[in-house]
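Each of the two complexes below includes chain A, the first together with chain B, the second together with chain C.
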Partner chain A sequence: MIPSFIVENSPALMVIVPLVAAFITPFIGRISSGIRSLWVGGAMAVTSAITLILAFDVYSAGTRLYVFGARAASAAIPPDSGGIPIRIIFEVDPMSALMLVITAVSGFAIVLYSLSSERSHTGLESYYTLYLLMITGILGMVSTGDIFNFFVFLEILSLASAGLIAYRIDGGVAVEAALKYFVLSTIGALAILVAIGIYYGEYNALNMAMIAARMQFSLLDQVALVLIIAALAMKCGAVPMHFWTPDAYSMAPSSITALLVVASQASLYGLFRTVFSLYNVTLNAVTVGWLIIILGVLSMVVGVTMAIPQKNVKRLMAYHAVSQTGYMLLGVGVGLAVLGNQSLLDAFGYMAMEGGIFHIINHAMYKGLLFLTAGAIFLRIGTYNLNRMGGLGHSMKWTMVFFVIGALAIAGIPPFNGFASKLMIYESVFVFNPLLAVIAMVVSILTLASFVKVFHSIFMGPKLPEFADVKEAPMPMLLGMGILALVVVLFGLFPGIVVESLITPAAHALVDQGAYISAVLGGA
Partner chain B sequence: MPWWTRARISARSSEVHETMDLTSTLLTGAGSWNPLPWVLGMVVAAIIAWLIYSMGEKGYKAGTAQAEPFISGNPEPEKGMVHVRAGNLYWGYLEALKGYYDRLVPLHTGDLHDYVLWYLGITALFLVLVVISA
Partner chain C sequence: MFWNLPLIAVVVLTIIALAIIVFKKNLIKVFLGIVILESAVNLFLISLGYREGGIAPIYTNAPSTAMVLPTPQALTLTSIVIGVATSALLLSFAIIIWKKYGTIDIDRIRRLKE
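Entry: the complex of A and B
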């Protein structure tokens, strides 16, 4: 059995373990690279295990509150604080738990992959330190119930991500991509900090449940809302603020690109948490909902059409990541647009949100998988240029199988997981506005066309003389890809149980602002 | 078979059916989706394909002249020349949408100043729309 100490303190442990492990990693690396690999793999395994334990606990027993500096969650509001929860509080509801599952599975699969893919590179102390800091940042962002704490974890994530995007240097090009990401992230973070200042000035609180309970949607609140929405939409790569995405995604090592996908979705989580849990029905849901829908549609269309002419496989996949983010924005945006109308929410709003949220976890799995296959190919042939590839299906059969699984999933081909979430989005969005559903379907067709091109260019054709000696990717990399591929297949074959147990509770937790507030202010 | 055995089998099959529904059937609001019949269909198609394949030419030997392409008596080009590269795919699509791409691609300048301007511009636009509609 799992010791109760671990279950009770899992919200703190899941952040502390990777954080402490990150700063010890450089010292461990001085002993030997083998011990460092064991250390990093072990730290990530423990982090993932604790995270999954917490997620399971939340899904089975309800929202978990963890108050730092207090013995019990009931001490969320100290008696001498004037009724304000002044301590840092982690509030993990099913929506947060879903993000925890994504991070735990992806983080573990990617670290397994990295142990092999990065073996020949120098500077691995920094690589793994920053990797674990990224994990810390993501887990903190999706768990915290304190908006300033959210900002802190966002900054940890952004700094670590920028370092890892620049990791390969690559004649300065990777550094340039990191610089672009870093500047935009800093400006976005500043905007969020201003918004936090507005909340603190208005409501004398940093706890999100407290701010939500006092929300007036004044002019200042409107300014704060826009600052947060724009910053987090930019961070998740929504068009027309997506320009950093292909630069950063293509220049980072593939393992890091896969984790950047999860990081982008943590920003998406922050956006959804803000509009639903902080503001909810106080905001003009139709306007803000439509703004998110428009961002979604632009992301879908521009992302996929920019992907098709790309010659660099990772830039192509990066544009597809932008396009897929559009589906999530579309689904959840439709849910937001009808938030004030319970009958419409019940008729199709929840379903659209569930489709969008289901697509978050599906996208993290198949897009992560696709980036890992691109990394495996790069490891063997040393290029991302599609014009120089061909015939690799003869020598990299497992990589090809994993690529096909990821490609069919992203294109929404049954029976893979992408189809299930897209079907939910198509059908519910069609009731809201048929044109939006048609656009979403056309984008899926273009996605399929794009990946047919990639599949043909990389794997089909005769075995080329220059790749005569190419071998399959090493076993740890195949294992990492295999974990994600397995999730893609299982989620596609059993979508009912996934939606029932993971997605529906997450969507309802997001919409139910009262429960989010009462978990803290009610001392649950 | 006694009636109570039939009843138990019936109850059991109902449980199995419910379990399958729970695990596989996705309710989408307007309809439902169950991937298991799809998978079953693919398995049947694969078996049929294998049966057809197994009835093929038995005298085929890989790696002999049989496996070489016949190009009207002309010599086979180098392997690298045979493969259609990514740059040659979807030429027609890109030509048909030239006007669209001529406008879209130049927006992706790679210049950080432009990235920041787009971000600030969208923030300003959203601010106006949200404040006006409030």
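Entry: the complex of A and C
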């Protein structure tokens, strides 16, 4: 049914299509804005379709290797290269495939939403160009098997995100937020580049599988590990380095904020990939595991306590995003702390990791949904200030339904997806260390309290006179939110199927470093 | 001893750049600090690729086939290109900040907090 040409070349196509489409968009936009909408929507639909085809293929047939500049994947190591894979490769294993699914679903839903939410703004050529570049960056980051290539896609992503955060100049305030984000991410990216230089100097390779096979965990490797963890933890908004998150998330257009959530998850993926696939058992798993657990717990507690007093609804949601990132770090950190000890790993380590990874996909869905509802409200009433809202439940019924779905999911109330992943984290972390599980539950309760307050002040109460003629959000926006809400509900209703088919292979792919290496280097 | 000189230069440049980024209040000077940091990283990559007596991998009329793999040079070129894009975006931010705020003093660019 699907031509084998597309299936075989899907890893290259999913990056090429948005990249080429991005740079054609300004020319298409000169014809008419309607054709541009069609073009951008079509390009994103094609990208999502190719990405989903690839992800399905990876889940059914195992890790996919794509070698650029060669006809077959077996040419990863040229015969005259002395056993070093010098070509750039894409290595898509189940963990990458999970991130691909997230990007494909949110990317498509958000483009639908943008088509009507941004309609009245100027400069849309650059908006869609940068949007497609962001998609390119995320897809490249999560599927590459070459560490320098990872850096390049990371920079594409940072440049495009910074441009989009500043997109609504907003009296200069949005530019200020973008400036803060971009200065930090440039310094972070340079730290990663130094780490890449260290690996190259030490192991003579840029291929992640090759570096992993030769990893010795010398002093230089420890320096490189610290640089990478610091840079990527900053990019995903973990607590001591979280201060750019609320500014950037609240000043970007809501559609972009939802995509920024996915972008932070891609950085989180990079962090996990480094720790598990590059270092794995060579590093001191207990120390690094606890480091990540502490980052996670700090993020959870600080994020939620900072969120409660906020008056700006997007700033509040941004602090909750920091807090939710903590759950993923906690879950995967517990898995890392028991790495190398097979019995503990089987007892609760895998489950903690599955909970953390499941939370990544759940978070991308419900948090994206919440930011999109905030954008829909802003479109109709023109403010993010909670004190000035009220009674919108009378006129924006669907937006209210979607908000409730997102809010209950983030607070971990059954039957929504946040409950499923949080329950897995609670159960497994309780076996590891009961105190951590208690902290996680308390944070969850505070999250619920915070969202009950927000729900009440936005939607409840009598209809306010100044919002008397407020209408429901336009159809494409509802459709975009609807896709994400549907995923949230389905994942919550059938968590067993999702965990078994999507999450467990991803967690095992992360832990099994040998498989990651041998996919490139052969049976070594 | 002498071949360590590039690496010593890398460390000195990094320290200078970080000091500028942390202590300077002028936005343009902070950007210059970032550019110096980029140069330090590029110098680090280039000095990794240096092999004494190595020849460039150009096969025409090559004296021998013992050649240097040009990967670090390729990395540096890519990193320079990314650096240009970064500087351009940072400077365009500075222009907008100057137009809207009338200052490029970091201590006075604080409207987000209010």
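We adopt the following convention: the second predicted complex is superposed on the first by the 522 of 524 C-alpha atoms of A that agree within 3 Å, B and C clash if a C-alpha of one lies under 4 Å from a C-alpha of the other, contacts with A are read in each partner's own complex, and residues count from 1 in each chain.
Just so it is clear, contacts are C-beta pairs under 8 Å (C-beta built on N, C-alpha and C of every residue); 3 or more make two chains touch, one makes a residue touch a chain.
Keep in mind the model is a prediction, meaning the values are calculated, not measured.
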item	value
Fit or clash - chain C, chain B, common chain A	fit
Inter-centroid angle chain B-chain A-chain C after superposition on A [Cα, multiple of 10°]	140
Touching partner for A:Gly197 - first (chain B), second (chain C), both, neither	second
Which of chain B and chain C A:Leu179 touches, first, second, both or neither	both
Partner with the higher number of touched chain A residues, chain C or chain B	B
Touching partner for A:Asp247 - first (chain B), second (chain C), both, neither	both
Which superposed partner A:Leu206 touches (first chain B, second chain C, both, neither)	second
Touching partner for A:Ile187 - first (chain B), second (chain C), both, neither	both
After superposition on chain A, the shortest CA separation from chain B to chain C (Å)	6
Footprint overlap on chain A, where chain B in one structure and chain C in the other make contact	179, 183, 187, 247
Residue ranges of chain A in contact with chain C within the complex	86, 148, 152, 155, 159, 162-163, 166, 169, 171-173, 175-179, 182-183, 186-187, 190, 193-194, 196-197, 200-201, 206, 247, 251
Touch list for chain B against partner chain A, complex	21-31, 33-36, 38-39, 78-80, 82-87, 89-90, 93-94, 97, 100-101, 104-105, 107-108, 110, 112, 114-116, 118-119, 122-123, 126-127, 129-131, 133-134
Chain C residues within the chain A interface of the complex	21, 27, 30, 34, 37-38, 41, 44-45, 48, 69, 71-72, 75, 78-79, 82, 85-86, 89-90, 93, 96-97, 99-101, 109, 111-112
Chain B contact footprint on chain A (complex, rising order)	179-180, 183-184, 187-188, 191, 217, 219, 222-223, 225-227, 229-231, 233-234, 240-241, 243-244, 246-247, 283-284, 286-288, 291, 302, 305-306, 308-309, 311, 347-348, 351, 386-391, 414-415, 419-420, 423-424, 427-428, 430-431, 449, 453-454, 456-457, 460-466, 492-497, 499-500
